[in-house]
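Next, two complexes with chain A in common: one pairs it with chain B, the other with chain C.
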Partner chain A sequence: MQSVLGDKKAILILLGPALLVYTLVKLVPVFWSLGLTFYTGNPLSGFDFVGLDNFSRFAEDPQARSALWFTLKYAFVLSAGQIVLGYALALLYVFVLRRASTFVRTVVFFPTVLPTVAVALLFNSLFATGQRDGPVNSGLESVGLSAVDWFSTGTGTFVVAIVMELWRSMGFYAVLLYAGLVDIPEETLESARLEGATGWRLVRHVVLPLSLPVLLSSVIFSVNNTLKVFDTLLALNNGGPGGETTPLTLYMYRTVFNYADYGYGSTIAFVLTVMCLLVTLMVFRSARRDITRA
Partner chain B sequence: MSVAKTGRRGWAVRVTAATGAALLLAGCASDNGSGSGGSAPDKFSLLTPAENAIIRDELTALSKNQCATAEKALPLSSETVAQSDVVQKITLLASQDALPVMFVAGTAQVKPTGDLGKGKLIVDYEQTLKDLGVWDDILPAAASTVKSAYGSMASLPFQYNIEGVFYNKKIFADNGVQPPQTWDDLVAAAQKFKGAGVVPITEAGSQGWPITRLIGMYIFRSLGPDAMTAIQKGEAKLTDPQYVAAAKAVADLGTAGMFGEGITSRTTDAANAQFLNGQAAMMYNGSWFLANLNDPKQNKIGAENVGFIPFPNVAGGKGDSSQWPANAGAATALATKSYTPKVGDWLKCVAENYGSSVLQNQGVISGFRTNQQVSNVPPLTSQLQEIVSEASQTVLWFEALMDAKTTSDAQTNAALLLTGKMAPDKYMSTLQADLDQAR
Partner chain C sequence: MATLTEAPARAAHARTPAPRRRAGRTLRKLPVRILVGLLVVVELYPLVWLVLGSFKTQDEFFSKPTWALPEGFNFDNYTEAWSGGGLGRNVLNSVLVTVPSLAFMILLGVAAAFALEVMVWKGRGTVLLAFVAGIMIPGQMILVPLFTVYFQAGLTNTLWPLIITYTVMGLPLTVFLMAAYLRAIPREIFESAAVDGAGMLRSFFRIAVPMMRNAIVTIALVEFFSVWNDLLIALTFTTRDELATVQVGLLQFSDEYGSTQYGPLFAAISINVLGILVLYLFLNRQIMAGLAAGSVKG
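The block that comes next holds the complex of A and B.
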């Protein structure tokens, strides 16, 4: 085996095709897109070289800034919610429900498998107002409160989007973190209990440090996914009202495909890529620090 | 050993090169199929918006009757595309030299300065129809609307829509309100209806355009029919006080709750249902709404209970209600490269028969002359048809001369304007900034 892997030709033959496919379908478009950031136009009208104009346009574009800010806000709030709720559920599975957790796990996980667009339409109806009041507004009215037009404001839509995504994804993060928690040796927990660590102290000083690697993976996973949100906000309220819940991805999509400006769209894509990279690096760095401390 | 080594290396290189070449060919090959890839088309490929079946249904009907000969020589093959994907799809098809014979395209694309117009990728119907001897089958008013919207005869007037205010006669009578002649009358009427617990005006707010239509019409009534052309030419700005006043007038209606609850998320179906069920007193809409109004299953208030008036005058304004807002449906262009005598036969047949056929079968008013007798036209349709034939001057819609991004911002921000989350001057300055960017 060693002789096979030591042979450079064998490595080339084994990895070559995969590497070639990866290069063609992944790296070429990425660098192509990077190249487009210096141009304006589309395949039909042709491309004109504009240098760094697209980047200065991005810096001055109020819609791009608002989309950037919204993307960060959405990613931060949703990731925090996903991790906290997911971790709480995982703790519930391991320490409270124990062997009986299978049913609850399945039920909470179920929304993850539903298509986003279907879930968005469901929540659109749940929070509807006007003559076709949804259950949420009917509920508010039945307890004497006035109905809220959730989708007429950016804040309202944001709240619905967060609630919807938490409902949809917390089961997934719960299972992910549950896998990390069940890996903690029972003996370690037992000895901690004998030392008098129970409840919150057990979680804070034993469970949390031992499940840190999987927790950090979840954070990276969650932040990267939420930074790239697209379908949720498109299906829920079309990125509106106005552009108030338009993330960078949707703005990029519209710029390229609706306004036929491939160059500026690629610039937005580039900013998004850099952002995802930075966040991942930041999480990795903090992870290294935390592990040494633990 | 060294020979074997070289052989193996050569084999590896060949496999890698072959895989790469295969992938490149698979990825880059363009689909000529029925497209305009240089050779004459073998079918009359038609691409229409999925949301609007009028054109494809009517051409299919014609292919079985009046246009059977053309159909036999060049069979009709219909495909659809979501309205929101039109620009993307046409850009890609055109760049791959694979445009269908006749296709829907973005308004900005077909203009002489647009990507399709600039590249001479689409035919000028005026010249083509004149060559075929059927130019007289296009109504002059419709031709003028198409030319002012698209800069040339880049589209056929498969629909010729006029727009105005549909109102519920019974609700008006019950509340002792006369159809409004001026904007102030309309506001006063709306207040009365609101007090009576009726939704004064319903619109499909989620679509944006029904709201921008109101802004546009207010501008045309107060500043005259050339108001938006002045913006396009840079002679006026949307941030000028008279233009901002239009946005403010509509925003005031919204913040006063004149559109009812949930206006910003109301869909077309919901808005239509609200009017057709008698829950709303007025609705600004186009003549395409006749299909719903003439359908007893949908129209619970009865077609005889529906009145139609022009958008009211604005006190002291330069425009007046005889200037009807008109449009000729989505731009439907013809690929230059696909034009052959067989396509010409199709065009000739369509020009001669479409007008009467679509009115008879679907009750739709088009910009084609009705060459055959049409029976049993519903009264409301006749009324609108009469307006179309008598209209001396028409105006376009608010976004007609705008680029794709400005159009999109105008429509998406309309919701914020109605709820008071965006001030009228901010709304207009955003659009002006878009227009400046596009120049």
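The block that comes next holds the complex of A and C.
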């Protein structure tokens, strides 16, 4: 029997194709990219070995610094928003709406599956100004405030991007965290209630500590995703105005495909990978149990 | 559950007359109802506004207030977006990319997960780890070498770069989740099949695959959204307009007309949203559960 379960030919047939394409299309390119960080140039102009110059260039490049700073700011603000709103919604589903929450849950989740490009173009119109005022500026004007030209400043674009992503993803984080809250045994909550813990105190002292693991893995998942933001900012305002809302991903893309510097582009990609790696290592440490159980 | 939790509250208010109590409850629930109503409006109004806009003429966009209803329901914008704006071509390309990508990804991923989880051999842990590690690596890290190779192999004039890249980028999560599902199936099933003389290939196709049908649907849905909604890979490897997928086409939509024609643009976005909505109406339970389970994906 063990020889059947260890049948070499079957292993080769089942695993071989996947392992082959995975190695060729993922593993090899990763090491290739790693190697490119020591070079500058592109296939047409040829490559020059520059050692660690790309990294010192990254440290001094004002555009790279601003992209790195923007990426961190975006990831921090958006992740905080996603978790806070998602958790508030999850609490609403579990403790207030209870079984009636299915409809609300389904509606609020829906934008999660919409294409980012479509959502970004929609929000570009929602916040439009001038001749073609969108609902947001029309609303501001109708309550006596003046319209804001959101997309002419980096801050304005940043605000719209955050609002858009929260609109899109809070339903997802709500469902993720909801799954964690539903797992809290009813008896635990009941005995806490009998001891007089209600409302905010129940959440603060009983629910929050018990949902900490799923909360933690959501935080790390969220940071990990928001660090890689690309299409939102590209489709919303083309990374502008003047590159003010250009994250690392977009800066890397432009370095490679507009300025044809494959080596420096790979260096930016490497910095991004290291950032994601640090976060993801934490995901696996905290979330392994939850996910394999699903 | 409801009766249990309401018991203390009821005892406390036992002396209040019944009608007043009911009125009080309705009043107390009012803020929550308003909040929930507001939430639903905030989520849905932008989409309703979008679809209404898709019926407006260019003139209406500039001369009427933004929340005005369209003057009529004509579908000119839709035909303009579909054929004039090339959205029809884009949708076809997206289908031609998504279907084979999902098929390859699932076939390769499920088979690999079976070999790694059910079968017994030395080094399987290491190989599984190598696959799972791929979840951590952002697409940017493989973009440059792949572009170089696809370009030199003359593949950039076809949809193959997209199909190959999506297949491989989806493999880590597919292998990871499928291995987790297989772990939940009792090993005795495969062992007794082996005792009965079934080879492992037979066990895989006749026992494992039918048992994993739900898991396969789940992973297919999760990966469908990540392939269909992707912009990065599609933008990098489609060098010609005829090869553009839906997301690339949409991104370039406003440029095509010089000064934007808002009606067709809104119609194009609407087509995207409504297409996904139809899928969501039928499969929302599986989609929500699947995306939550697949949230290790990076």
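The rule is short, and it goes like this: the second predicted complex is superposed on the first by the 254 of 294 C-alpha atoms of A that agree within 3 Å, B and C clash if a C-alpha of one lies under 4 Å from a C-alpha of the other, contacts with A are read in each partner's own complex, and residues count from 1 in each chain.
Operating definition for what follows: a residue touches a chain if its C-beta (ideal position, glycine included) is under 8 Å from a C-beta of that chain, and two chains touch if they have at least 3 such contacts.
Only a predicted model underlies this, so the values are computations on that prediction, with no experimental measurement involved.
Once chain A of one complex is fitted onto chain A of the other, the partner contacts of A:I11 are limited to chain C, with no touch recorded for chain B.
Comparing chain C and chain B on the residues of chain A they touch gives the larger count to C.
Shared-chain residue A:F151: touches chain B; no touch with chain C.
By the document's definition of touching, both partners, chain B and chain C, reach A:P43.
In the superposed model, A:A235 makes contact with chain C only, not with chain B. When the two structures are aligned on the shared chain, A:R132 is found in touch with chain B and with chain C.
In the superposition on chain A, A:T116 makes contact with chain C only, while chain B stays out of contact range. Judged by the touch definition given at the top, the superposed model places A:F257 against both chain B and chain C.
In the overlay built on the shared chain, the residue A:V21 is in contact with chain B and with chain C. With the contact threshold set out at the top, residues 13, 17, 21, 43, 131-132, 256-257 of chain A are in contact with chain B in one structure and with chain C in the other. Contacts from chain B toward chain A in the complex involve residues 5, 8-9, 12, 15-16, 19-20, 23-24, 27, 84-85, 87-88, 91-92, 94-95, 109, 115-116, 118-119, 206, 260-266, 270, 274, 279, 403-405, 408-409, 412-413, 415-416, 419, 421-422, 430.
Chain C makes touch with chain A in their complex at residues 1-2, 4-5, 8, 32, 35-36, 39-40, 42-47, 49-50, 53, 61-62, 65-67, 108-109, 111-112, 114-116, 118-121, 127, 130-131, 134-148, 151-152, 164-165, 167-169, 171, 175, 180, 183, 190-191, 194-195, 199-201, 204, 225, 228-229, 231-232, 236, 246-247, 250-251, 253-254, 262, 265-266, 269, 272-273, 276-277, 279-280, 284, 287-288, 291-293, 295-296, 298. Looking at the complex, you find that chain A touches chain C at residues 1-2, 4-8, 10-11, 13-15, 17-19, 21-22, 25-30, 32-33, 36, 43, 89, 92, 96-98, 104-118, 121-123, 125-126, 131-135, 138, 167, 171-172, 175-176, 179, 186, 190, 193-194, 218, 221, 224-225, 228, 230-231, 234-235, 249, 252-253, 256-257, 262, 265-266, 268-270, 272-273, 276-277, 280-281, 283, 287, 291-292, 294. Across the complex, chain B is touched by residues 9, 12-13, 16-17, 20-21, 24, 42-45, 62-63, 124, 128-132, 147, 149, 151-154, 237-244, 254-260 of chain A.
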